[in-house]
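Here come two complexes built around chain A, the first alongside chain B, the second alongside chain C.
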Partner chain A sequence: MGWSVIRAWTAAVYLFMFLPVAVVVLLSFNSNQFGSFPVTGFSFRWFIELWENEAILRAFKTSMILGALTALISTFLGVLASLALVRYKVPGRDFISTLLIAPVLVPEVVLAVALLLFLNFLSLHKSFFLLLLGHVIFTLPFVVLVVQARLVSIRRDYEEAAMSLGANPIQAFLTITLPLLAPAIFAGMLFAFTISFDDITGTLFWKPGGIETVPTQIFSMLRNSISPEINALGSVMIILTVGLPLIGLGIARRIAAKQA
Partner chain B sequence: MSSVSLRNVAKRFAGFTAVHPLVLDIPEGSFVTLLGPSGCGKTTTLRMIAGLLDPSEGEISIGDQLVNNIPIHKRNLGIVFQNYALFPHKTIYENIAFGLKYRKVPAAEVERRVKDVLDLVQLPDLGDRYPNQLSGGQQQRIALARSIVINPDVLLLDEPLSALDANLREDMRIELKRIQEKIGITTIFVTHDQSEALAMSDKLVVMSGGRIEQVGAPKDVYDNPRSTFVADFLGSSNILSVRCEDADEKRVLVNAGRLGAVSVPREKATDIGVDTSAKLVIRAEKLCLVPADAAPDQRMSVEAVVETVDYQGQAVRYFVRVGDLQLQALNMIEDRPFNEGEAVSIRFRPQDCVVLREDS
Partner chain C sequence: MTLEKREARRPWLLLSPALTTIFFLLVVPVIFVVVYSFWLRTASGADQPGFYLTNWAEVLTDSFYRDILFHTLKIATITTVLCAILGYPAAYFIARSRRNKAMLLMCLMLPFWISYIIRTMSWINILGVSGALNSLLLASGIISEPLQLLYNETTVILGLIHFLLPFMILNIYVSVEGIDETLEDAACSLGSTRWQSFLEVTLPLSLPGLAAGGLLCFVLGAGTYITPLILGGPTDAMFANLVFEAIITQLDWPLGSALSLVLVAVLGALILIYNRFFGMSQLMKGLS
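Coming up: the complex of A and B.
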């Protein structure tokens, strides 16, 4: 008896979590022009309309660029920070480490308002660059956490062995540590991209007028009416934000399996 | 191949001194072992020679060259690490060829040298594998191959056998020594395992608390420990407080209480004056148990009772009581081991004893 109750309960929890997502995906293929049940026919109509919607395409492009830049900058800074924190004796290491992780712990709204006030204080105007800066701040902790965890497990004696064989410290890093670290760097980059791509809270606060990312675009479209296009866009977002990390994970596993 | 010399080399970390100023000469082509318990400074010393740690003071020379300011990658050393540190993302071939890449060795010669060294460590067919596909013993050989293929001036081994299980460790010990003798390379070996140290070294350096306790050939250090630490660390010893009652150029006579007056040859009791306190060292295997009714022989004899029997197969360790003294004896089993509670006679020869100064 006990197990079947637990099973049923588990199924209910999963249903509760994923049913709304499934509904969005299902309705995005509905030919009916009101995005609601019953489903009247299968069509790609909303995807085509999505494709022809200039505003959405622009938002999509902005999100991609923003995500990619965020990923690159966050990863670059995160890898350097992790290296410094793990490999060298930095004064106040624990404090710096906590500081880097803090943006995950602080509620995003607080962070968003704080940065906004700070910019106000500096009398800086909102711009794409500052939006990017904001995204870097709250994606950095993820990169640092992932890369640090991996770096701790890469023993120092690999590098020492490389150096004893004639590689200088930079060569040792590039030929030994970096390849061993690659899966974590890759994972961190994907994390940063996905988080940036689907962030809305911070973006709403930081984005300058006239620039929309995909989430803010959806948000503003919802204010007018619920178009089935949003369902289609939702499906695209799901594929991107779930699919990309899964692909990444698969690649990382492949690399790791070779070394293990 | 080169000699190595340390001149007053010390290492201090914030708050403690890992290695006190020490002087050590390692002759060209010799196999020298730094032996001691963990925390004795042996690994710190090795890492300073390797260039992985900067000495706080003193000079380190390899061959004729002062290397204090030469970084590790220019010292031309072979290092085998405790966990082998084989690069997990490179094949065995790539691992071994790694050092040759930085020595601008032509491709054809790289191939030949990798093949030769794989033959030397008797693993000719493993070039395409990855390190995680090899057993511990194989990884150990590859690590050795990788460190010697570059023709290093000195080979540094940091507890290379400690990660292997007991049987393999003994095989590898012999194998390592064979390879070292074959290429004749100056080798510095760090271990806490006394049997490895005794079996492999030309010269043994016993360390404790960041200082060198004793340097010498293994047999010399074993037979003539110069401090109670060395006596106790190498093998098992009985160390008794005694009083020196008489001494001349040939002999030193000590009163060992229950064990009687022991007349120890002078060369086993240097530096002992009359009427001073001293320590008498008798190795466990030099104390021989015989039945209580055995005929007297030339050895000294004391009545004792067996307290504990620690059976080890072909040998047995006894703890015996002589009055208020507990002594340990390590004997081969000839007929049958003695039983606990059995009365026995212990026999030993004065020339097998060593007398050390009270403060040593």
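Coming up: the complex of A and C.
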């Protein structure tokens, strides 16, 4: 196969990945009264309708709070665990690593069923709290992977140098390792937030009636028919989830550049 | 307490919050599901604790469940194979391109950041009755009535490929990227054609990445119930849909438990086979 064939193939694959998403954005600005083809003009009407839709706004707020709490908790757990695994000789290291990664190895549906049934057995019924626990357990492996990968590359010598100069281990960690680790912690949090914000598989099992996250709200709207508001919501989410990480990447680069 | 003892305890102190969480929110619940699958749903709607084989007998002998399991494995296999065919040349191109590599890689990461449900439903805009394709065909006069293209097995597979392709490409890319380019040149200088050197040098060396991508595609594809709900018709239910039905709609939790365990057993067996040949570390490479 010639190089030009491979190049054309790659272009087609990228087109396949992005064309449908581009159409979502295109249709969200369409002034056509059904919001579908043909595109008749440029309009913000679907975004205005979106802004006036209280159910969607409520779902958005729920998702933001859920995502933020999930990110904080699972990053906290993940950073501590990564420190132990990278910085210390722990007996049964491989087993522990596998255990920490286990939530992505178990199919998410099964994870969802298990958590729901067990907590129900403990008389903890479907609630926002159950959603939060589920999202934490599901995002933890990703945080561990991201933070570990970075931690391996931070040399132990710096910390030891600080300690030989009289810092205690906690001081050494706070003044040396933590700042070096900051970009990875930030990336891990962002990762956890995005995964939580996007999750629907587990969320549909765990969410109590009356609470909707953005994905479950879209899902229930899809059941009726595709409304142009969904495209507008899709556009907002694409801008948020693609825009935010890009900004985050910029900040992380700047922090890294300052340190260099 | 001596200093050494404290030093030895520290990693466990750091690990304990995460391990406690995993233990109580994953390990214990999964064991609990095993126990629950032997309970019985009574007519009154309460779950009767005990050791009944009723659910297992139903799940393992009823051809309804078996057919859907095979259907699920078929869909996952087709999806995985098509992802590999579509993804390999693209991954190879990215790994071997000199210009635009950073841009291509960043674009490859974008789908991971775009909501799964938005990406899945985006196909309704393309293939729906008033979607892009039908509008185009109607406007050009090729058809006079909109075609019913959505809500069948093909669109389920299409949606799954769209969701899983980035995983496949990323894993193959990581593998091909690690292969020394001069190996292919060496093969060529020894008389093999470009195609032969690819088949006998690059392809075998990139097999770990291909396998990791394949495993991810298969496991994620076989475990989904959202894609068939959005892009499938009434007869396109996959195995995870059965679990969802049993747990959420029928509230038959013992049956749902048994069904989930079947899914775990089938996909777990695959992961074990993979682990035997390639080891888990390869999978982690692609994930991070």
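Quick note on the criterion: the second predicted complex is superposed on the first by the 254 of 260 C-alpha atoms of A that agree within 3 Å, B and C clash if a C-alpha of one lies under 4 Å from a C-alpha of the other, contacts with A are read in each partner's own complex, and residues count from 1 in each chain.
The rule we apply is simple: a contact is a pair of C-beta atoms (placed from the backbone, for glycine too) under 8 Å apart; a residue touches a chain by one contact, two chains touch by 3 or more.
What you are looking at is a predicted structure, and each value in this text was computed from that prediction instead of being measured.
**Student:** Given the superposition on chain A, are chain B and chain C in a clash or a fit?
**Tutor:** fit
**Student:** Of the two partners chain B and chain C, which one touches more residues belonging to chain A?
**Tutor:** Of chain B and chain C, the partner in contact with more residues of chain A is C.
**Student:** Taking the superposition as given, does A:V109 touch the first partner, chain B, the second, chain C, both, or neither?
**Tutor:** second
**Student:** In the overlaid three-chain picture, which partner chain does A:D157 touch, first (chain B) or second (chain C), both, or neither?
**Tutor:** Touch partner of A:D157: chain B, not chain C.
**Student:** One more residue to check, A:V21. First (chain B), second (chain C), both or neither?
**Tutor:** second
**Student:** Using the touch definition from the top, say if A:S4 reaches chain B (first), chain C (second), both or neither.
**Tutor:** Neither partner.
**Student:** Name the contact category of A:A167: first (chain B only), second (chain C only), both, or neither.
**Tutor:** It touches chain B, and chain C stays clear.
**Student:** Would you check which partner chain A:L180 touches, where first means chain B only, second means chain C only, and both and neither mean what they say?
**Tutor:** A:L180 sits against chain B, while chain C stays out of touch.
**Student:** Least CA distance chain B-chain C after superposition, rounded to whole Å?
**Tutor:** 7
**Student:** Can you give me the overlap between the chain B contact set and the chain C contact set on chain A?
**Tutor:** none
**Student:** Contact residues on chain B for chain A in the complex?
**Tutor:** Against chain A, chain B makes touches at 50, 52, 71-79, 81-83, 85-89, 98-99, 101-103, 130, 132, 146-147, 150.
**Student:** For the complex, give me every residue of chain A touching chain B.
**Tutor:** Per the touch definition, chain A meets chain B at residues 155, 157-158, 160-169, 171-172, 175-176, 179-180, 258-260.
**Student:** Show me the residue ranges of chain A that touch chain C in the complex, using the header's touch definition.
**Tutor:** Within the complex, chain A contacts chain C at residues 1, 6-7, 9-10, 13-14, 16-21, 23-24, 27, 34, 36-38, 76-78, 80-81, 83-85, 87-90, 96, 98-111, 113-119, 121, 133-134, 136-137, 140, 142, 144-146, 148-149, 194, 197-198, 200-201, 204-205, 214-215, 218-219, 222, 226, 230-231, 234, 237-238, 241-242, 245.
**Student:** What does chain C use to touch chain A in their complex?
**Tutor:** Checking each residue of chain C against chain A gives 10-12, 14-15, 17-19, 21-22, 25-30, 32-33, 36, 86-87, 89-90, 92-94, 104, 107, 110-111, 113-119, 121-126, 128, 130-132, 134-135, 139, 162, 165-166, 169, 195, 219, 222-226, 229-230, 240, 243-244, 247-248, 253, 256-257, 260-261, 263-264, 267, 271, 280, 284, 287-288.
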